Structures are given as structure tokens and as C-alpha cells.
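In what follows, chain A forms one complex with chain B and a second complex with chain C.
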Partner chain A sequence: MKFKIFHQLGHNDVWSIQSINQENTGDGIIISPKNRKAKNVEGLGASIKAKAIFDPQMFFPRYIVKKMNTYDFYPSLMPGGYDTDRLNEYSPIFMEKCIEFQVRNNFGFLVIPTRFYDNLTNVDELIEYHNKNFVDPSLTTINNTKTDKEILFQWVLTSNILTNKDYSETLLTWITGIQKIGGVYLIIDPPSRYGQIDDPKFLYLLMVFVNELFKNDLKVVLGYLNSESLLLSLANPSIVSIGSAYQNIRRFDPKNFMSDLEQDVKTPTFKMYSPKLLDWFDFPYMELIKERIPDDITYWGENRYSKIMFDPNYQGRSIHKVEPHKHYFIEISKQLRDLSALDGERRYNRLNDIIESAKSGYEQVRGVNIELGNRDAFLPAWQTAAKSFASEQGWI
Partner chain B sequence: MNLTKNLIIGLKIIWDKKIVHRDLKPDNILITQGGFPKIIDLGIARVLDVDSITQTILGGPLSRFYAAPEQHKYNKKLIDWRTDQYNLGIVLVQLLLKGTHPFDPNLVGGKSISENIMNDNWFRQVFNDKNLLPIRSIASKLLGFQQFQRYRTYEMLMSDIDTCLEEIK
Partner chain C sequence: MPFTNEKELVEIFKNSQYFENLVEIDGSISREEVKGFFGVPDLVIIQPTGEKQISYAFEAKLSNWKRALFQAFRYKAFVNKSFVVMDHDLVKPALSQTDRFCRANIGLISIDLSGEVHCHYNPYYEPPYSPQLESKFNEKIRDSGEQHTIDLFQFS
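And then the complex of A and B:
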């Protein structure tokens, strides 16, 4: 089954929209209230909104950060200040306002907001709490608005949940039992929030979880992805996300929703995505690799942005430049569309070829005396996860 | 399969009212002279989200030989219409086995039917009979050990049954 590519908006989200419209690097967007004021969301064109998912980002009801203040549905706006014990009194109001905002803007889907649960509380209590405060009031509002938009249940999938078999199975039973939803918007919170995901067990269990939802005829949207989207495509998602550039900027991090950390964040260095090595490289490394392996275009891809970035006269290499972002959109979307056109076993075989090519790429880079440490440690992890999943599907 | 289809059409009436029968078994299914099934004994049926109306010494009402794994675990909160699917799955395969229970230790080993249900150990070899092959995927899904392995919607279930009936023709 083919899947779509949605851009997870954030830093300089206008580049994403341009890239979708002008370079066909995506099929829709995921809007983030943390990065876009309400009036700027309302001001988006109808055609792009029709292909949009609005992610309420209600992960920490107690906190509100900057631009979220421009929306009127955050529990932190509770009269008298946020109080967990009083949440159930007010949650119907907040859910109603949030759903109405989504309906009014005519987004492609309606998302039932979620919050982040960092500890494994009793699963039955969690389900009861979540139904009462998030699911039931949202579905009641949706029912009253008589909209026929597809409803997405949103959940933050942590490593703790995935590795606890009973817990994740109970969640699957619960989610698949919510009759009115048409899909699930999963936010991936990996074991490590930095660098590539190199935990094969986490990746395998994630694929199994996604595939179980698929087998229940539910659309699965995978949010906050880096290039592991290539691997996760094996599990039959309907939509995978590509972030703005720079490796970890779009990775889900609960801290970002607890306070205004933007001004404290160290500006990432200038990086470029290598479609061969499946990762991001700082400028000194990309320059060295290009210098010592000059003729192999597969390392950096060939597009107008890669040419500009390697131009000796290119000035001001920083995160604020458009080129690395748009270069990434072009290269990752090309890889994803290539996989999307294939099914099951053929998709697995192609992915395996991509990983093998990356492994040989790292060897070649080492061969020209460029040391990358264990930067490629994620590749065997991806391959292990892919093989385990493929074996379960009977593809190998 | 026609009998199963008619049972499901009948059950939809209570499922739509968010009621789960929870005790589907041959004793609770009557066949009329015209060959149509009638479901009886809603004594332990439960409206979802409302506490059980009956309690037994085991902590929850059930006929253990036809109970789904979640009923054996006495987890009332997890019980939904997919629990009835499981009960129905046992009845369906029992019909194919001409009355023998698919979890019967004489067929599949193990100590008891209850234990075999909890070990997901049933007589899948019934589908070695080529005539029954079209029913295999439906029966396997109805008897999914986890609820998320069963049918999520009534429409998905009916679609598979209609396809199966076409194949059997």
C-alpha cells in the first residue's frame, strides 16, 4: 500500500510549504501550534489546510509555551490556574474548543488531542482517565458538529510502553476498540532523543505496533520522524512525516512542551543530509567526503541545492539558510516515494539495498581516512529490526 | 456460514446498543423450523461502561468453555463486542467439527479447555479439509487471542463473511 509524505512544520515552515508546492516533496502538512500563532494557521490557504493535520500538542496540559497562548483551548488556561483534580470539569470545554477550531479550519483530519504520560501508570486507570478527559468529550463534539472528516486518535508512543508487552497489547485493544476513529496519529518518542535510533528492539516493536493498527484497517500517521521513516515504511503506515532539516529539530522531546526553551537551545551547526549514508553531516565532514570521493553523486544527491552548498563562494553556512532544508526534502522524499511505490517484500528488499549501500558508503569513507566513530551504528540496528519484521511477514 | 451470518445480524441489534452478550454458546442459540437462529439468555449481557449485573464466585459471569481469554482474565473493562466474536468463533469451529469443541484436550492435548483457550491452542487442522478453507481466515480472526486481532468493525466482519459465502457457492 502506498503511503503519503507530510511535512511536520516547525522552524521556517514556509520552506516546507514552498517545497511541497514547487518541488512535490510532500502531500500534506502537520501543523504545530507551538510554532505558529492561531491567526497564522487560520490564514493558511484552503487548499493546503485541506491536506493538513492540526496537531494540538496538548502534551503537557499544565504548561503553555509562547505561541500556544494564541489558542483558547489549552487546559493551562483553566480559570484559577491548571489543577489536575479539576481537569475533568473543564476538559469538555477545552476539547470542544479544540475540535471546533479544527472543524472551522476545515483540516483534512480531526485529531483527538492527547497528553504525554511519562510513567507507566496503571493501564486501566490511564484508559479511564484518557477516555473521560480527551476521547469522550472530543467525540461528543465531533458528533454534534456532524462533520464527516476522518478522526485520528493521537498517542505518544514511548519506549517504556512498547517494551512492556501487556501494556502495549492493552493499549492496542483499547485503541482498536474506539469505533469512530479512522486512524491513529502516533508520535514516536524514541529511547534516545539524539542521533539516529539504534535500538533494534524498539524499532521492531514499533513496526509490529504500527502493523497491528494497519491490520485493523486504521490509517497510521507517524509523526516526528527523521530518516528512520524509510525503515518504518515497512510497517504499512498511511502517512510518514519528514521534518524540517537538521536531524533532531523535529524529534519529539517532552521538554519542548514544558517551558519556553527556544532561546536556550544551542543553534545547530550547518549540516547536510546524505541520502547514501542516511544521516546528517556537519560541514567539515561533508566537505572532506566530497573532496575525497568527488565523483560519486549518490552521497549527496544531485539537485540545485546540493550544487549551491558545495559552491566555494557559498556564504553564511548556518541553520538559517534554506538550502540544506530543501535539499533534505528533495532527497528524503525521493527515497520515500521510491519505497512507497513498492509493496511488502519488494519494499523490504529495496530498503535492504539502501542499508547495504549505506554500509558500504561508510566503509568507503573510512577508506579515504575519514573517521566517523560509530556514526553508522544505527545501520545494523535498522537491518536487524527490518529482518525480524520481514521474517514475521514471511518475506524472508 | 449462513447460520453464522444470521447470528451476527441478530447480534448487531444489541451491539449497536453497546450491549455485549458475553455468553454465546450452543445452549443459548435456538434454531427455528425455518432454519433461522435465535439468541437467548441475555442474563449476563453487559452494557458497556456499566458494572456487571451478575457476579459469580469466579469474579465474573461466564461459561468457561466458550469464554474469551479476556473473560478468563476477568478483566471487565476490556470486554467489548469483540468478546462475542470469540465466543461465536468457538461455536463456528465446533459446528465444523460436528460438535467437538475446538479446544478439547482430546483433540489438541493440554489439561483442560480453559487452559487451551489461554494457550491459544485450538484444532486449526480442521482447515486441512479443502472444503473448509474459505472459512479459515474468518475463524482464525474470530478466535484471535487478543481483541485487536479480531474484527474491528461490523462492516469488516460482514464483508469477509459475504466473500466467504461467495467462495463457498
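And then the complex of A and C:
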């Protein structure tokens, strides 16, 4: 089954929209209210909104971050300030406002908001709480609005949940039993936020979870992804996300939705995505690899942005430059579309070729005496996870 | 007896004869924890030697030589010679991989609590691999006056 590519919007989201419109690097967008004011969301073109998912980002009812204060549906806006004990009373009001905002804007899908559950509270209590405060009031509003939009149930999948078999199975049973939803907007909370995800067990369990949803005729939207989108494509998602550049900054991090910790985020340095090495590299490494392996275009891809970035006269290398972002969109979308065109075993074989090519790339880089430390440690982890999943599917 | 922490290792290395020999040349500048380039070296030295200068970076680690090698390689973006400085009691695993240091042209030094320095691989002089970072580094180190910590985040 083919999957679509949606851009997970964030800082400078206009670059994503330009990239989709001008360079066909995506099929839709996932809108971030943290980064875009309500009036600017409403001002987006109808054709863009028709292919958009609005991410309510209601992960922490107590907090409002950045531009989220331009919306009227966050529980922290309850009179007298947020109070856990009064959430029951106010959640129908806020869910109604949130759903109405989505309906009014005619987005491609309607998303039932979720909050972020960090610890493994009693699963039955959690389901009851979530149904009461999020699912039921949202579905009631949707029923009343008579819309026929596809409904997405949103959930943040943590490592704790995934590695607890009973817990994750109970969640799967619950989610697949929710009437009227057409899919799940799944956000991945990775075990580590530094570098690539290199935990094969986490990745394998994640693929199994996604595939279970698929087998239950639910669309799966995978949000907040880095280049692991390539690997996760094996699990039959309907939509995978690509984020605006720089390795991990678009990755889901609960701290980014808690205002008092927002300032801890460290600004990354100028980096470029290597479609061969499947990761981001700082500028000095780009220059060095390019100098020592000059003739192999597969390392950096060939597009107008890579040419600009390697121009000796290119000035002002910083996160604020557009080129690394648009370069990433072009290169990762090429790789994803290549995989999307294939099914099952063929997709697995192609992914395995991509990983093998990356492994040989790292060897080649080491062969020209460039020390990269353990930067490639994620590749065997991806390969192990892919192989376990492929084996379970009977592809190998 | 091994060092208890990296700070202690850096302090003893700074007071070693080896380090003093590098900085005793007239016009030499040394700085600690130079931030904002491509990693944060524990110590850097710029040493004028006739017409050209030689720049050094040192990454101190009690153990974990792989991490140190990776970091020291990053510093070669802006210095001529980059070294890993390890606790002499814990240097054995790194010594079994000296060829990796040679291939990357990263120096390997160990030091004991008495301040005695053992040089296992002395790298040859190389131009830094990022000329842009090199010129920024030289400029900022020279401009940093008597400060021991400078902070440069962006480079262009």
C-alpha cells in the first residue's frame, strides 16, 4: 500500500509549504498551533487546508506555549486557571471548541486531541479518563456537526507503553474498538532524543504496533519523525511525516510543550542531510567528506540547494538558512517515494539496500581517515528491527 | 592510582612540563573550554613559530577513548594538531587501537597523578579541514584577551 508524505510544520513552516508547492516534496501538512497563530491558520489557502491535519497539541492541559495563546480551546484557559479537579466540567467545552475550529477550517481530517501520559497509570483508569475527557466529547461534537471528515484518534506512544506487552495490547484493543474513527495519528516519543533511534527492540515493537492498527483497517499517521520514517514505512502507515530539518528538533519532546522549560532548547549548528549516510552532518564534516570523496554524488544528492551549500561563496551558515531544510525535503521525499512505490517484501528489500549502502558509506568515510565515532550505530539497530519485522511477515 | 575526575586531569596536565614547553614560546596563547566552534576542547594553544603558527587542541578523558577520539577529530576542523589526553592508568584500551589514532592523525597522550606525560602518538602538522572555522578560531582566540573562556556560537 502506498503511503503519503506530510510535512510536520514548526518554525519557519512557510518553507515546508513552498517546498510542497514548488518541489512536490509532500502531499499535505500537519499544522502546529505552537508555531502558527490561529488567524494565520485560518488564512491558509483552502487547497492547503483540505490536505492538512491540525495537531491540537493539547499534550499538557496546564500549559500554553508560544502561539497556542491565540486559540480558545486549551484547558489552561478555564476560568480561574487550570485545575485538574475541574477538567471533567470543562473538557466538553474545550473539545467542542477544538473540533469546531477544525471543522470550520475544513481540514482534511478531524483530530481528537490527546494529552501526554508519561507514566504507566492503571490502563483501565486511563482509558476511562481519556474517553470521558477527550474522546466522547469530541465525538459528540463531530456527530452534531454532521461532517463526514475522516476522524483521527491521536496518541503519544512512549517507550514505556511499547515495551509493556499487556499495556500496549490493552491500548490496541481499546483504540481499534473506538467507533467512527478512521485512523490513528500516532506520535512517537523516542527512548532517546539525541541522534538517531538506535534501540532495535523499540523500533520493532513500534512497527508491530503500527501494523496491528493497519490490520484493523485503520489509517496510521506517523508524526514527528526524523529519517527513521524510512524504516517505519515497512509497517504499512498511510502517512509518514517529514520535519523541517536539523536532525532532532522536530522530534517530539514533551518539554517543548511545557512553557517553563522551553528556553532549555539548544540551538543546533548548521547541518546537512546525507541521503547515503541517512543522517545529518555538521558543515565541517560536509566539507571534509566532499573533499575526500569528491565524485560520489550519492552522499549529498544533487539538487539546487546542495549546489548552493557547497559553493565556497555561500555565506551565513546557520540554522536560519533555508537551503538545508529544502535540501532535506527533496532528498528524504525522494527516498520515501521510492519506498512507497513498493509493497511488502520488495519494500523491505529496498530498505535493506538503503541501509547496506549507508553502512558501506560509513566504511568509505572511515577509509579516507575521517573519524565519525559511533555515528553509524543506528544502522545495525534499524537492520535488526527491519529483519525481525520482515521475518514475522514471512518476507524472509 | 587513577584520577578521580576530568577536571583534576586537566589541572595536572596544564601544570605538566609537556604543556609548559608548548606555551613557553613567546606570544603563545592558551585558553580553556573554548566554546562555539565544533565541540568544546578542554584546552587550546596557539603557538607562533616563525612565519606560521601551530594551533593545538586537547580533549581530556579519564576513559572512553572512542568518544575522546571522535571529539578530538572534530577539533581538527580548526586546529593543526589535536590530542586526546587520558589517565595513564586507564590508557591501555586506547593503546591497543593506536592505529586508529594514527589514521585519523590524532595525538594520544597519557598522564599520571605526578604530572608525568607519556606521548604515544604525536600527530604531524596538518592544515585544519575547515578554513572558515580556522580563521574564526584564530581571530577569536587572539581577540579574547586574558579571558580563559570564550563563547562563539555561530560561524559563517
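Here is the rule we use: the second predicted complex is superposed on the first by the 391 of 396 C-alpha atoms of A that agree within 3 Å, B and C clash if a C-alpha of one lies under 4 Å from a C-alpha of the other, contacts with A are read in each partner's own complex, and residues count from 1 in each chain.
Basically, contacts are C-beta pairs under 8 Å (C-beta built on N, C-alpha and C of every residue); 3 or more make two chains touch, one makes a residue touch a chain.
These figures come from a predicted structure and were not determined experimentally.
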- Task: For A:Gly316, decide between first (touching chain B), second (touching chain C), both and neither.
- Result: second
- Message: Which partner chains sit in contact with A:Asn69 here, chain B, chain C, both or neither? Use first/second/both/neither.
- Response: neither
- Look at A:Glu212 in the shared chain and tell me whether it touches chain B only, chain C only, both, or neither; answer first, second, both or neither. first
- Message: Which partner chains sit in contact with A:Thr267 here, chain B, chain C, both or neither? Use first/second/both/neither.
- Response: second
- Complex contacts: residues of chain A adjacent to chain B: 124, 127-128, 169-170, 172-177, 179, 212, 215-218
- Item | Complex interface listing, chain B residues touching chain A | 70, 75, 77-78, 80, 82, 146-149, 152-153, 156
- Item | Complex contact set, residues of chain A against chain C | 267, 269, 282-284, 287-288, 291, 315-318, 369-374
- Message: Using the touch definition from the top, list the residues of chain C that touch chain A in their complex.
- Response: 38, 66-67, 69-70, 73-74, 77, 100, 103-106, 129-130, 133, 153-156
